[in-house]
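Several structures are given next for inspection.
Both complexes shown next keep chain A, but they swap its partner, so chain B is in the first and chain C is in the second.
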Partner chain A sequence: MSKSQMPIPETLLMKESMLTKKKIPIAHKQTKRQQQYFFTTVGILFIVCLLQIDISFSQFQEGVARIPSVLSMMLQMSFTEFPGLASEMVVSLVTAFLSLVLSIVFAVVLAFLAARNTTPNRHIGMLLRFLFMIIRAIPATVWVLIAVASIGFGTMAGVLGLIFPTCSYLVKSFSAQIEEVGQETIEALQSVGATWWHIVFRGLIPTLLTSFLAITAFRFEMNVAESVILGMVGAGGIGLLIQGYISFYEFSSLSLGILMVFITMFLLEFMTTQIRRRMSN
Partner chain B sequence: MESILKITNLAKRYNGGTLALTDINLEVKKGEFIAVIGPSGAGKSTLLRCINRLIEPTEGSIEFLNQRIEKASKNDLRKIRSKMGMIFQHYNLIYRSSVLENVLHGRLGYMSSVAGVFNRYQEADKREAIMLLEKVGLEAEIYKRADELSGGQKQRVGVCRALAQNPELILADEPIASLDPKSSAVVMDAIYKNCKEQGIACLVNLHQVDVAKRYATRIVAVKAGTIIFDGPAGELTDDMIKYLYEGKEQEMFEQAN
Partner chain C sequence: MSARNNASLKAAEMRRMKGTLSLLFFAILIGLSVWFVEMDIFELVQSIPLFFQFLFTDFFPPNITDLGTYLGPVVDTLIFAVVTTCLSSFLGIVIGFCMAHNTTPHSSVRLFLRGVIAFLRNIPFLVWASILVVIFGVGTMPGLFALVLFGTSFLSRVYAESIEELNKDGMEALDACGASYFQKIKHGIIPQFLPSFYSWTLFMFEINIRASAILGLVGAGGMGSILKQTMDLFQYGKTSTVIAIMVILILMVEYVTNRVRERLI
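What follows is the complex of A and B.
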């Protein structure tokens, strides 16, 4: 019976469209409208923002004219500062690594308390998630500035200041993993009468260990990038030296510093990608 | 025969307001092998999960070995659960751990948190677990990682984990729904044989009516959250099955293939 009914609406539609010479719509109406709204809003915002900044064509022109001379100064790389830069690069790496390791210790415990499906108490879980949301909302730079203000300049302030954003990032990522893949594991161990500790240590940690390590490797990369920049606000490390070179227009040393940061980040990214690839197998 | 599980007036309403179970009454005697059949969405899975409280029942009482499950404290619930094995449709193994470790997880219910966290399983438990694995034909797989096994093998590990609990009752939630016919037979045989040998009562959720009839001594049919048939396998008529799957004949057809 459906065979005789099916073609009727189609032919009607075709006839109608031939009469009015209208194209037959094919898009999902709601999706299309949403897309239109989105692009219109972005367009309007872009124009509003353009009007907000002072566009000075002369400044732009002068700046462009200066680029060749700045570039040529930066191309004259001097290696006299290499030992100092290298040792400060190590300090930056150490800062990143220490804050990461300390954060992991806290984050592994807190993630299981914060994840919706493993929290021993709904209210504690909610409180923790809210707390870490606030910590994440404050940029790492501000945390380091607070640390510098309270314990003074140096690497210790860098480590302490980085712990907050690192820890909250790890808690967020770990607990997302727990919530995503944990349910089957949790039910399996609940059904045999396991305790919370059994579920965490014998079920979830073995299952999630590799993804936790992959997240951590990625975060190490981020931490190094952070600690390089944070040197500029007084946390020690290579950022402090680079900041000095900029202030005193020492372009030859500056370009060496930038090159070293670039090479370090490149190697790190290469390494963490390798680690993550091996983990996923 | 003494009764080990008694469910009276059990009801479950989900947060969204869906009534998954209404007025369920069921008694399980020691060593009974009961198949729970019904179309998908009938509430079979909810019924099983209410028994070990992976899902909290809304109303009614569940009595297991003279203990009220729905009222049990956290600690008592743990003890109750340790006497009740569960087999899952998706096996729910710890895939990064070895096969033997997975079977030993069945002993966690009898261990303290510290002992469990530090892997202090009894040597006797280990021997028992290896014996169980040999019995289901997995002696060559003992030290493999659980994710290296095939589906049928994984489910046999799941069966061993439940048996390692030394349970009075096994709840099997669609144990063969993700398996091919050959593996299904192996898994069902493993469940059936071991339950018979050790006098373990078993509630099996099944899609396949023919499988249910082959193994079960008693069949419980669930439709739209209520029990519409409860009796010996022989008394389940074709008309009854037709009524059970009314509107879901597609599922019946799929089974036949």
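What follows is the complex of A and C.
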């Protein structure tokens, strides 16, 4: 006979029911209030905004009805366009790589001028940080559009357009690293009378090299994604072909292009994760 | 003593050689890539002043005659970002909980979702947007769906990663008390997970503002469509106004999300 089948005295039963009713709040009161505040605000905002968007249900229905035919066309993958796609994929990779290399050259110099603790002049540092904040706020695609408008279609416009967002991203991350890690090194070197050049080239660059490389590897991944997009606005690379397939309804080649982009991006992600893991060890 | 010195010298030499070799490798890589795209470095350097000349003569001064008509797309962009962020964070939470290895209902569900999400995430969202334009036609709908697709794939990945990084002690204690699956999630996971949830969701909102600004380039509504229109008509003065509005909007949103983040965490 198990314990649960034993008759329970009435007094105990009473107590148990009382226990289950009484709840002891253990959550931090202020945090809880903040959470409620946040979620209510977001909920109200969401509903208000949802009512503002006009989505026609018929358009949705038509679109959903079109999905199976588009999918079946995409599943009949054709490999006839493979050589062209492969060479354009390499063009995309090269665009990303070259713009990254050029940006590193600018960014390393500018990061030391912009970081709060290594800038030779406080006003120059502030001006540079403000300038790069604005450059970073403009999306990369818009930069490339401007480059295409100024020097014409082609790979060069892609490289030139990508330099600006890449450079501003690198300057921001590099100078954040310098500000975070550099203070002790700078003080130690200053106390033995090192000049600015000594501090930068003997003190900071050797210590920060690995973290700079990790940032660069991460940015390369982002740059490849950008350069795939860039083709769609007219700056060479695989995006140009993909945009062409989409506008001429060549879904069998389109799916091959998408698959190639996926494989490339997947391998890149894998590689950069490996690099970062190795660097952190 | 001398042996150890020798060893450390050798190690230093090895490191130096490694450095030289990787530099050489990079130089070859740069050479090959320049050769592959048949690009002239000098031409590129020459085109930089050309680019700035273009930027300063054609884009300035900004033409602000149509300032009132830009208000609608700006509000549209904000509305877009709010709706897509909410939808994708809701979907992202559901998928994220199924994807993290400590909360997944079954390991096969986890593997399947990982594959799907990796596929969705690694295709740039402008490609998704233009495919959806083909399916749904020009308008706000393809842009909305593209952003939700992209946002869900991004958020479910980062949510799953932050759930996996949580402290396991609380979960173990709840297990020992005999808590059910949902009780464990409510009391063991969510309180710990909320800070990273806020921070990633606010980050997603920033990304969505930027993304909806360029979605218009493929015909999916928002600020990008005026940008493309003015550029196609060579009205660069108006383009610079649109870009300036975009910059102000993005910086303001960044400021607001930073304030909210500071308050909540």
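FYI, the second predicted complex is superposed on the first by the 251 of 281 C-alpha atoms of A that agree within 3 Å, B and C clash if a C-alpha of one lies under 4 Å from a C-alpha of the other, contacts with A are read in each partner's own complex, and residues count from 1 in each chain.
Keep in mind that, in the parts below, contacts are C-beta pairs under 8 Å (C-beta built on N, C-alpha and C of every residue); 3 or more make two chains touch, one makes a residue touch a chain.
Because the structure is predicted, anything quoted here is derived from the model rather than measured.
On the superposed chain A, the two partners chain B and chain C both fit, without a clash. In the superposed pair of complexes, A:Q243 makes contact with chain C only, with no contact to chain B. In the superposition on chain A, contact is made by A:L50 with chain C only, not with chain B. In the superposed pair of complexes, A:M222 makes contact with neither chain B nor chain C.
Once chain A of one complex is fitted onto chain A of the other, the partner contacts of A:V192 are limited to chain B, with no touch recorded for chain C. When the two complexes are overlaid on their common chain A, residue A:M260 makes contact with neither chain B nor chain C.
Contacts of A:E184 after superposition: chain B is touched, whereas chain C is not reached.
In the superposed model, A:P206 makes contact with chain B only, not with chain C. Put simply, the nearest alpha carbons of chain B and chain C end up 5 Å apart when the two models share chain A. Comparing the two complexes, no residue of chain A contacts chain B in one case and chain C in the other. By the touch rule above, chain B contacts chain A in their complex via residues 52, 54, 77-86, 88, 90, 92-97, 101, 105-114, 116-117, 119, 161-162, 165, 171. Across the complex, chain A meets chain C through its residues 27, 34-35, 38, 42, 45-46, 49-50, 52-56, 59-60, 62-63, 66-67, 70, 90-91, 94-95, 97-98, 101, 133-134, 137-139, 141-142, 145-147, 149-151, 155-156, 159-160, 225-226, 228-229, 232-233, 236, 239, 242-243, 246, 249, 254, 258, 261-262, 265-266, 269. Looking at the complex, you find that chain A touches chain B at residues 184-185, 187-198, 201-203, 206-207, 209-210.
Residues of chain C touching chain A in their complex: 26, 29-30, 33-34, 36-37, 39, 43-44, 47-48, 50-51, 54-55, 58-59, 78-80, 82-83, 86, 118-119, 122-124, 126-127, 130-131, 133-137, 139-141, 144, 191, 194, 198, 210, 213-214, 217-218, 227-228, 231, 236, 243, 246-247, 250-251, 254, 260, 263-264.
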